[in-house]
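So, here come the structures, one by one.
The two complexes that follow have chain A in common; it is paired with chain B in the first and with chain C in the second.
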Partner chain A sequence: MANETVESTATTDRRSVRGRLGLDGEALWGWATVAPVILLYLFVAVTPIAFAIYASLFEVPLLNPDWTFTGLSNYVEVLTMNSFWSSLWLGALFMVGSTVVQLLVGLWIALVLNQLDRGQRFLTAVAFTAYLVPTVIVVLVALFMFDVEVGVLHIAGSTLGLWGERTFALGDQTWAMSLVVLIGSWKFSIFVTIFTLAQLRAIPDRFYEAAKICGASRWEMFRDITLPRITGVLLIAVLLRAVFMFNKFDIIWMLTEGGPAGATTTLPILAYRTAFLHNDYGVANAMAVVMFVFLAIGAYCYFRAFDPTAEVDT
Partner chain B sequence: MTVHIDNMTRVFDSPNADRIVAVDELSLTIEDGEFLTLVGPSGCGKTTTLRCVAGLDTPTAGTIRVDDRDVTELPPQQRDVALLFQDIALYPHMSVRKNMEYGLKIAGVPEDERREHVAEAAALLQIGDQLDKMPASLSGGQQQRVALGRSLVRDPSVFLFDEPMSDLDAKLKRELRPVVQRITDEIGCPVLYVTHDQEEAMTMSDRIAIMDDGELQQAGSPKEVYSEPINDFVGEFIGQPAMEFFDAHVESANGTAAVSMGDHTVSLPATADELEGYVDSPVRVGVRPQQIGIGDPAEGIEAEHVLDEPLGDETHSIFETEFGDVTVVTHADFDGDGDTEYGLVLDESATQLFDPDSGVRIH
Partner chain C sequence: MSTPTETETPSETETEGGTRLSYETRDRLYHLALYGSAALFSAVILFPIYWMVQNAFTDSQTVITEFSWLPSPETVTLDNFSVLAAGAVPRYVINTIVVTAGTIVVVVGVSLVAGYGMARFRFRYKESFAQFLLLGYMFSPIVLGLPLYLIWSEIGLLNAQIGLVIALSSISMPFAVWLMWKYIQTIPESMEESAWIAGASRWRTFWDVVVPQTKPAIVACALFAFAIAWNDFTFAQILLPSQESTTFAPGIMRLIDQGGYTSWGDIMAVSLLMTVPPLLFAYFLQEYLLKGFEVRTR
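== the complex of A and B ==
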């Protein structure tokens, strides 16, 4: 009792000092805990984005320190640029193609791994190494496999009549995009597997046993139990994959540099070219900002349509 | 429909131990409309038996027939059974209605017909107002009613229960027991009910089959297994509180048998024929706690009072004797005293004698 009285007077005293700030001890601790994260976020994310938006309003020759303010003219230039719209189309193609392939392959691998009775841990680890192989290595191996002289995939393809004996498939207008999608998916499909596998393992056997008793076939069990139980994580995985692939630069640049004849020039490639090959930093920034806006709108619509967060909770 | 289990054995191979014989040559028949309860301690093979009948597990040897149809190797989808699980296993992503009609949907029953069946079952189970809720928002008892409904709407030809009430509290169990009985009566198919709770077995069954260590011990009506247990295991397992056993020695038998238990001797109404081979040999005497009286130390087995568990209408009193702790059902007003010497008096007509080695009841 005595203690309580002492403490309550102490609190009142402290209140009088901090009262004007509206802070009690708990709130102060709260701010102290959150502040480093906010600072870091400001420094790492907000500042560069703000800088990019700022730079997009200027004409910025890459090697010239003098910036000329041009208002929204960079945006006008971007939106009237033919190559921007064609790159947006190719980028969307790359994004949708990659996401669909990765979703299907990743889910398939997850389902197979989840079925294994023996060696599941080992094979899971083996499958996951694909994700750990550096992109450069994936690209080097891919280029080697499509080599016109010795590449095994080149020979396989030309034997099947997909491309000519002397055609470099990645340099072929009709094949470049699909092959970039497939090579990227080789590495990134396992991302979907990692996401789904944990959720698949969490589905109790009982659900399947109950369904079997009800007479459900394998397909019906997949449709009515497995799929609803993993929809939430799949929606998140699809969103993440789509965003990552829309912004993907490294693997495309290393494989084709956006070629042949612009067949794989997605928006990040176009922005890079504009900035560093056409020496137009301001326009490149405007392009990046437009990409950012498009992605934000896309993500917003996605969340409105599916609400993946709600699905994960159940 | 009649379910025949013939010489069924199920052996599990385990990588780091010996083979485990979960069920050992079990033979049982469940008649049409019969409520048969398989009861025993955990690990006795009762659930394995049920899973084999359901088709979720396959016997190592022996056959399972429904009427004349051999279903031993058939998958569960082709058996037309209903199974109620201990952990309920409702689909959390489907509403109560969707859960209940799932089997019908799989069977291709049109939607309006499904709604009708579900409404009927829901009314019977008193969950009519819960149909549009999600299972997670229901209590455990209601969830088990929904699961019961899911099985019920399909009108199965065999109904299986795998300890469906183990996770429910005592009051809910008592509420649900008559519901289960009414529903199984209505469907009128063979029922195999697995539980480790002898009270559930006694109250619900037409017939009880007691299993231990993979082997069937005895099958009979509740009264039969209670009053005429085939061995000491059944005697101890069935009945609450459990039967008390005393190591004893048969001194003589002619008309009445004199059986000495430590310093105390009782005379039982048994002829020499009945106890042939046991005269002058050790036996185990089994008495139910309801059949033990309290008297002076001179009258019975010397005992020291340990504690009382008053239940209101009667009291379970625990005494320490030379045979170990003994539970006695005493009068509601009984209030034991640690300083008084008591004698436990066995009702001689109600005692049973068991072979000390095999456990088989000899009288």
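== the complex of A and C ==
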């Protein structure tokens, strides 16, 4: 598909020299090269969102082709649902908890990696490893490590008296949420590290050398040289992490399926359950629309906080 | 939280005129904190991986009956890897490989052409288009997956791996296209111009002059697409509901759910195999990865 686009633009080129081309021809080529991207977006993003808004106005039993128009009643149902508000609260808890842990740990690892004189390359690879281990493997290893029979972390925790000897920690009301946050952060903190590390490495050494000559302490150098240069990138990382974690479905579902007793049922989990377990596709789409609104707010903040196009030569 | 903060304590007491620590002591404390931190996070990251590897090579009966920190020679075995020879697991792994390969091809192809177009052609609304592209960061598989489920069951893409490839490629687009766009901007146009003067068509110039020079960006995009596809659970869980066509992540989770399939030895063995490709990339293509992120965040 992509190749044809370019080939057709190439034939146009042969007939007319580039210099003679008006803006129209060039614009046409430009749009032709990005057409596949637009098609993909239309197909996978725009249509589904429009469809979700449409479907959210109907009562849709998944296995039944008969839709009943119910207007906004799905939204009323969602907004009066206790489980919606509790999942929103749990989602906020999960989002804030994860973002804070990931920011602190990720920044800490980045600063340490940047300061090391020996073993830097090796340890950077170690850190990246965590980010590259697939989520499902993180989950499988976590389930194994918390296994009631032979799980190493289960045994460690029960020896320390954190949970009972026969208690599956991930199935325990008090522990499930914090453990899901921590297990997720094992992987995703490194996202912040990667983001920050690139920026840290771009700070010229002579800044620190000059500061050292002036007698600045390490803390002063961090505060006055390092921090101002990574604040921007940290903001972006925090915003992206918050948005991603608010919409996190995979790791929570695989670890707990929203349990025990709804203790980890965030909004994405609730929407999935509503669609595929309660067979209430219309209501699930109403929830998807609500999530999309949150995303749109996130996107708006993203563009306000940081105008990415301004930094590209066009 | 950061390491420099930890070294702050001595210098603060110094300015307050209290106990004055010598430069050497402060330096030693700082290096202690620095290497202590490095050791701590390495341990936290490496222990689960060690645990997975150790148990992947341990006799599956021993894994569920005995607990030991170190592997013992009597119980070391390769038997767990036979999980890849039979049953449902090999099919899931192959499906994952197919979907990942497809995603990489689509992402690299589409982003290369789009990045080239955006770097070399002037057209109106290009900046708006680029901003629109970034909205893709906000696409979440769960928000898109729920409506896609019915749409694709209508048009017959449900349970088709090509459907999953399309979905995964779309969410990889913002990163891939931006990276290609920025990268191709750094390639001087004069080389292409001299190729045109020598009579090469635009297509030929693109293929023979531009593409070879974008190799680092292609590797970064391919890695990124690989990570997205290899990691995916949500889209596959929703869009590939049948056990036949599904990928590894939803497949193995359903196996565990349904049959109480908890032969941990087997699971750790296949987990190890699924982890090896990303690890190889982490070691050998670190520079490309960093470069990709650098271009994006700069």
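In this text, the second predicted complex is superposed on the first by the 274 of 314 C-alpha atoms of A that agree within 3 Å, B and C clash if a C-alpha of one lies under 4 Å from a C-alpha of the other, contacts with A are read in each partner's own complex, and residues count from 1 in each chain.
Please note the rule applied: a contact is a pair of C-beta atoms (placed from the backbone, for glycine too) under 8 Å apart; a residue touches a chain by one contact, two chains touch by 3 or more.
Everything numeric here is computed off the predicted structure, so don't read it as measured data.
The superposed arrangement places chain B and chain C next to each other on chain A without a clash.
Contact comparison for chain A: of chain B and chain C, C touches the greater number of residues. By the touch criterion defined above, A:204 lies against chain B but remains apart from chain C after alignment on the C-alpha atoms of chain A.
When the two structures are aligned on the shared chain, A:229 is found in touch with chain B, with no touch to chain C. Contact with neither chain B nor chain C is seen for A:270 once the two complexes are overlaid on the shared chain. Shared-chain residue A:217: touches chain B and chain C both. Once the two complexes are overlaid on the shared chain, A:243 sits against chain C while remaining clear of chain B. Of the two partner chains placed by superposition, only chain C is touched by A:145; chain B is not.
In the superposition on chain A, A:284 makes contact with chain C only, while chain B stays out of contact range. For the pair chain B and chain C, the model built by superposing on chain A gives 7 Å as the shortest CA-CA distance. Looking at chain A, you'll find residues 217, 314 touch chain B in one structure and chain C in the other. Chain contact summary for the complex, chain B toward chain A: residues 54-56, 75-77, 80-83, 85, 87, 89, 91-94, 102-103, 106-107, 136, 150, 154.
Chain contact summary for the complex, chain C toward chain A: residues 1-5, 7-8, 11, 30, 34-35, 37-38, 41-42, 44-46, 48-49, 51-52, 55, 63-67, 109-114, 116-118, 121-124, 126-127, 129-144, 146-151, 166-167, 169-171, 173, 177-178, 181-182, 185, 196, 201-204, 206, 227, 230-234, 237-238, 248-249, 252-253, 256, 262, 264, 267-268, 271, 274-275, 278-279, 281-283, 286, 289-290, 293-294, 297-298.
Per the touch definition, chain A reaches chain C in the complex via residues 1-3, 5-7, 9-10, 13-14, 18, 23, 26-27, 29-34, 36-37, 40-41, 43-45, 47-49, 51-52, 55, 60, 62, 104-105, 107-109, 111-113, 115-116, 119, 121, 123-130, 132-145, 147, 149-150, 152, 155, 186, 194-195, 197-199, 201-202, 217-219, 221-222, 226, 233, 236, 240, 243-244, 247, 249-250, 253-254, 268, 271-272, 275-276, 281, 284-285, 288, 291-292, 295-296, 298-299, 302-303, 308-309, 311-314.
Across the interface of their complex, chain B is touched by residues 204, 206-207, 209-217, 220, 224-225, 228-229, 314 of chain A.
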